[in-house]
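Two complexes, one shared chain (chain A), two partners (chain B, chain C).
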Partner chain A sequence: MTLDEHAARSRLRDVAPGFKLLYALPPIAMALWANSVPFSLLVFGLMGASIVLKGGVRPADYLRWLLLPAGFLVIGTAAVAVDMSAHPETFVVSAPLGGANIGVTATGVAMAAHLCFRALASVSCLYFVAFTTPVADLGRSMAAVGVPALFIEMTLLVYRFVFLLFGTASEIATAQRSRLGYAGTAASFRSLASLASNLFVFSARRSEELYVAMECRGYDGAIRVLAPSSGARQPSLAGIALVEAALLCVAIAAHSGRFF
Partner chain B sequence: MASPDILRTEALRCVWPDGTVALDGVDLSIRAGEVTALLGGNGAGKSSLLLSFNGILKPRSGRVLFGEEPLDYSAKGLKALRQKVGIVFQNPDAQLFASSVYEDISFGLCNLGLPEPETRRRIDAAMELVGVAELARKPVHPLSFGQKKRVALAGVLAMEPSVLLLDEPTAGLDPQGADGIMRFIRELQRSSGMTVVVATHDIEMVPLFCDRACVMDRGQVLFEGEVTSMFEHRDLLRQAGLRLPRIAHLLEILSTKDGFDLPGTAMTISGARKILKLMKEEQEINGK
Partner chain C sequence: MTNLKFRFIAVPLMAAFMLLFGSGDAFAMHIMEGFLPPSWSLFWTAVSLPFFVLGFRSMRKIVADNPRMKLLLAMAGAFAFVLSSLKIPSVTGSCSHPTGVGLGAIMFGPSVMSVLGAIVLLFQALLLAHGGLTTLGANLFSMGIAGPFVSYGIYKLADGMKAPRSMAVFLGAALGDLVTYVVTSLQLAAAFPSATGGFAAALFKFLGIFAVTQVPLAVSEGILTVMVWNAIRSYAGETMFGGATLSGEVK
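== the complex of A and B ==
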């Protein structure tokens, strides 16, 4: 399932997008600023619990999606932890390599851990938005905060076309494969080239067709649509404010070194 | 009896930018308040004709008239035309663009500038009619082909045009869905007097749901008239790459090859039953 499908069936889908952003975005800033592992874990846990318990995403699905950034994180932070120096005594573990030594230092490990947990916390916040808010709803809420209409229309059209192009590309590729288009290197290159050029022609045609179809329904330069069910759920602002305030207190305490 | 013509073409010739002649001297009248079938093989020019009724494909020569007026191809004229003449395209992906079903259906209505409660009422009614009410909040891309087709139809129906152009509305639908859509279009035409033009290959559907028919081949009109009289021109149908409805074919074979003495022909099951009952009665009378 794609993230968007998860979002479409989320139990929090009907909550007005603004509130979800208000809930999930400030903790990112706090986690980045506090730079503390326990605080990052707190945010990570809170968002995970919100996604699974409130949003109704199966824990297994959530974990599977977490693996995606986790892979990047491990590789990225490993690079931070590893260091090189002429003096082997600075390292916790090390191995000689040519004239120097390569290994991990205590400070390197600490830094890597901080980085890793901050990133995880931020990712979990963004996932909260992604798992509960379909792209379309998000686009609409951007209008409320003053993003230009043109930009939003573009975003939503791109969103629709991404799936259309992706679908077409995979159909062409399947058709090519079924006629042995990818058996051997030369054939693969040829098939790929024709796939790309076909896709380009297809996009040009499709955009023209769409324009005509839109004109037939009275398009005059501005896309106006009506969102389903105007009664989005409005959770209590006080509740969100309370959570954010509590998080902020913990963040300040963590930043000023009261814990850890 | 003859209702006035709402759409008319006069020596219409249309050429695609790549030089393909899509319509080659078409003279055709569409009567108001009737369902007209547009028949013809692949590439006959059915879609092109529908596009020219909507002002999308402009004539190279000849003209298209809506009511008594020739089409006005200025931006304002086209806008006015398209409020009255709605088109549902052959390929639903060409028509659906919004990020959810509900929003897509709302698009045309928002452009008409209707007040919101009226818009919502019409969207709900249209979704109910074509049977996509439970898909309202879904994004468009994961829908099945038939579902997309229904959504595309709902988006145009909601605008309540006085002429509805349908390009193969039943292609790709399951048999029940296809019958349902056609029955529903028929009802709409009966209740609100809507004029409907359907391009189709589904010859079985024609005697059931259409009043008039037009047979096309290579950009030209071979036949135009009542559906019942169309089936008397079998050679024309074959020339256009079409065939008779199965029932008519069966009755034809029974009378020409198997020596049945049938009191007439029929296109539909109910027509065939009438004939067979008549035959039975005759036999009973003769047997006595």
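== the complex of A and C ==
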């Protein structure tokens, strides 16, 4: 299931997007600034609980998505932790490699550990937005904070076209695979090139057709859509403010005291 | 029960192996959410912003001159997104994802790519969990600004020096890819200087790690871009590029 399918099915879908952004975005900044493992864990737990308990996402699905950025996380934090030097005594653990020594220093490990948890906390906040808010709603909330109309329209058009092109691309790929189009490297290159070029020509022609169709219906340069009115109960602003304030207090304590 | 136990052990192990030794999913070049310290996030956002604003102005002008370009540009953005989710066979035998940086820059020009790049990166963060919101500025700089500008510059330069067109396209796409990878390594090294050797050692480290996937990818993407370019040109003719047919038309 794709992320926006989760967003469309979410139990928090009808909550106005502004509330959700207000809930999930400030903790990213706090986690980055506080740079403390316990605070990161707190944010990670809070967002995870919100996604699973409030949003109604199955824990297995959430965990599967959490594994996705793990590739970068593993490689990135390992690169931060591991160092090279001519002097083996600077390392906690080291191994000689050629003329130099490869190993980990205490500061490197500490930095990597902080980094790992900070990144996980921020990812969980990003996931809260991604798991509960469909892109169309995000577009509307972008308008509320004064993002130019052309940019929002572009974003929504790209969003629509992505799925159109995905559908076409996967049909072409299936047809190619059923004719052994991806057997061997040379064939793969050939098939992929014809897929990409056909997709491009298709998308150019399709955009032309769409323009003509819209022109016929009185298109004058702006796409106006009605915002759906939902009767869902909205959360209280005070409640969210309270959560954020509490988080901020913990973040300040963690940042200044470093006692966590 | 044993099955469950097996899954508990095997799945993380397999995942770890795939991540470390497998294809090394080439989305790896997107700096993940929360990876950069706040000061560097702000810095790269500030660096990217002027390019984005200029790109947006030029896009607004293009759209005002010819409203149908709006849909073509949006299609181009979607095309770049879909292209980046395809897997290309890498010359070393593993698979990677193309970036589409070179193709987009050569076809649409680098300034528009900075806006389309921002939209594509936003969707990659929200729909695919690649990249992130706080690292959007840094990723935009490497993939939406540095890569396309270098691609376009090299392509124009090689074309001006009367190199064969396919050579120019190959060099533009491959070097644009390499620049993306070097800039990302620079960004990571600047944010996380090595404890023993400082910035230079950290840069060496990050370049070395990502070279495993990125250097073969640059070659593959160069080859693929030439093939796609030739196919599109033979189908649509020279006029397709630069929107000459569309923007030149009288409405």
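Basically, the second predicted complex is superposed on the first by the 252 of 260 C-alpha atoms of A that agree within 3 Å, B and C clash if a C-alpha of one lies under 4 Å from a C-alpha of the other, contacts with A are read in each partner's own complex, and residues count from 1 in each chain.
To be clear about the criterion, contacts are C-beta pairs under 8 Å (C-beta built on N, C-alpha and C of every residue); 3 or more make two chains touch, one makes a residue touch a chain.
Here the structure is a predicted model, which means the values were calculated and not measured.
K.L.:
In the overlaid three-chain picture, which partner chain does A:T107 touch, first (chain B) or second (chain C), both, or neither?
P.N.:
second
K.L.:
Counting only touches as set out at the top, which of chain B and chain C does A:L210 meet: first, second, both, neither?
P.N.:
both
K.L.:
Is the number of chain A residues in contact higher for chain B or for chain C?
P.N.:
C
K.L.:
Return first, second, both or neither, reflecting whether A:T185 touches chain B, chain C, both chains, or no partner chain.
P.N.:
Only chain C is touched by A:T185; chain B is not.
K.L.:
Which partner does A:Y219 reach: the first (chain B), the second (chain C), both, or neither?
P.N.:
After superposing on A, A:Y219 lies in contact with both chain B and chain C.
K.L.:
Name the contact category of A:A8: first (chain B only), second (chain C only), both, or neither.
P.N.:
The first partner, chain B, only.
K.L.:
Which holds for A:Y159: it touches chain B only (first), chain C only (second), both, or neither?
P.N.:
In the superposition, A:Y159 contacts both chain B and chain C.
K.L.:
Which partner chains sit in contact with A:G139 here, chain B, chain C, both or neither? Use first/second/both/neither.
P.N.:
Only chain B is touched by A:G139; chain C is not.
K.L.:
For A:L195, decide between first (touching chain B), second (touching chain C), both and neither.
P.N.:
A:L195 sits against chain C, while chain B stays out of touch.
K.L.:
Is A:P148 touching anything from chain B or chain C once the two structures are fitted on A? First, second, both or neither.
P.N.:
Once the two structures are laid over each other on A, A:P148 reaches chain C alone.
K.L.:
On chain A, which stretch or stretches are contacted by chain B in one complex as well as by chain C in the other?
P.N.:
Common to the two interfaces on chain A: residues 4, 135, 157, 159-160, 164, 206, 210, 214, 219.
K.L.:
Can you check the complex and tell me which residues of chain B touch chain A?
P.N.:
Where chain B meets chain A, its residues are 54, 56, 78-79, 82-83, 86-87, 89, 91, 93-100, 102-104, 106-112, 116, 119-120, 123, 136-142, 155-156, 159.
K.L.:
Using the touch definition from the top, list the residues of chain A that touch chain B in their complex.
P.N.:
It comes out as residues 4-5, 8, 134-136, 139, 156-157, 159-160, 163-164, 167, 206, 209-210, 212-220, 223-229.
K.L.:
Going by the contact rule at the top, pick out the chain A residues touching chain C in the complex.
P.N.:
2-4, 25, 28-29, 31-33, 35, 65, 67-76, 79-80, 82-85, 87, 90, 105, 107-108, 111, 115, 118-123, 125-127, 129-130, 135, 138, 148, 150-151, 153-155, 157-162, 164-166, 169, 185, 188-190, 192-201, 203-204, 206-208, 210-211, 214, 219, 221
K.L.:
Can you list the residues on chain C that touch chain A in the complex?
P.N.:
Chain C residues touching chain A: 15-16, 19-20, 24-25, 27-28, 30-35, 37-38, 41, 56, 59-60, 63, 67-68, 70-79, 81-83, 85-86, 88-89, 91, 93, 115-116, 119-120, 122-123, 125-130, 132-134, 188, 192, 194-197, 201, 205-206, 209, 220, 223-224, 227-228, 231-232, 235-236, 240.
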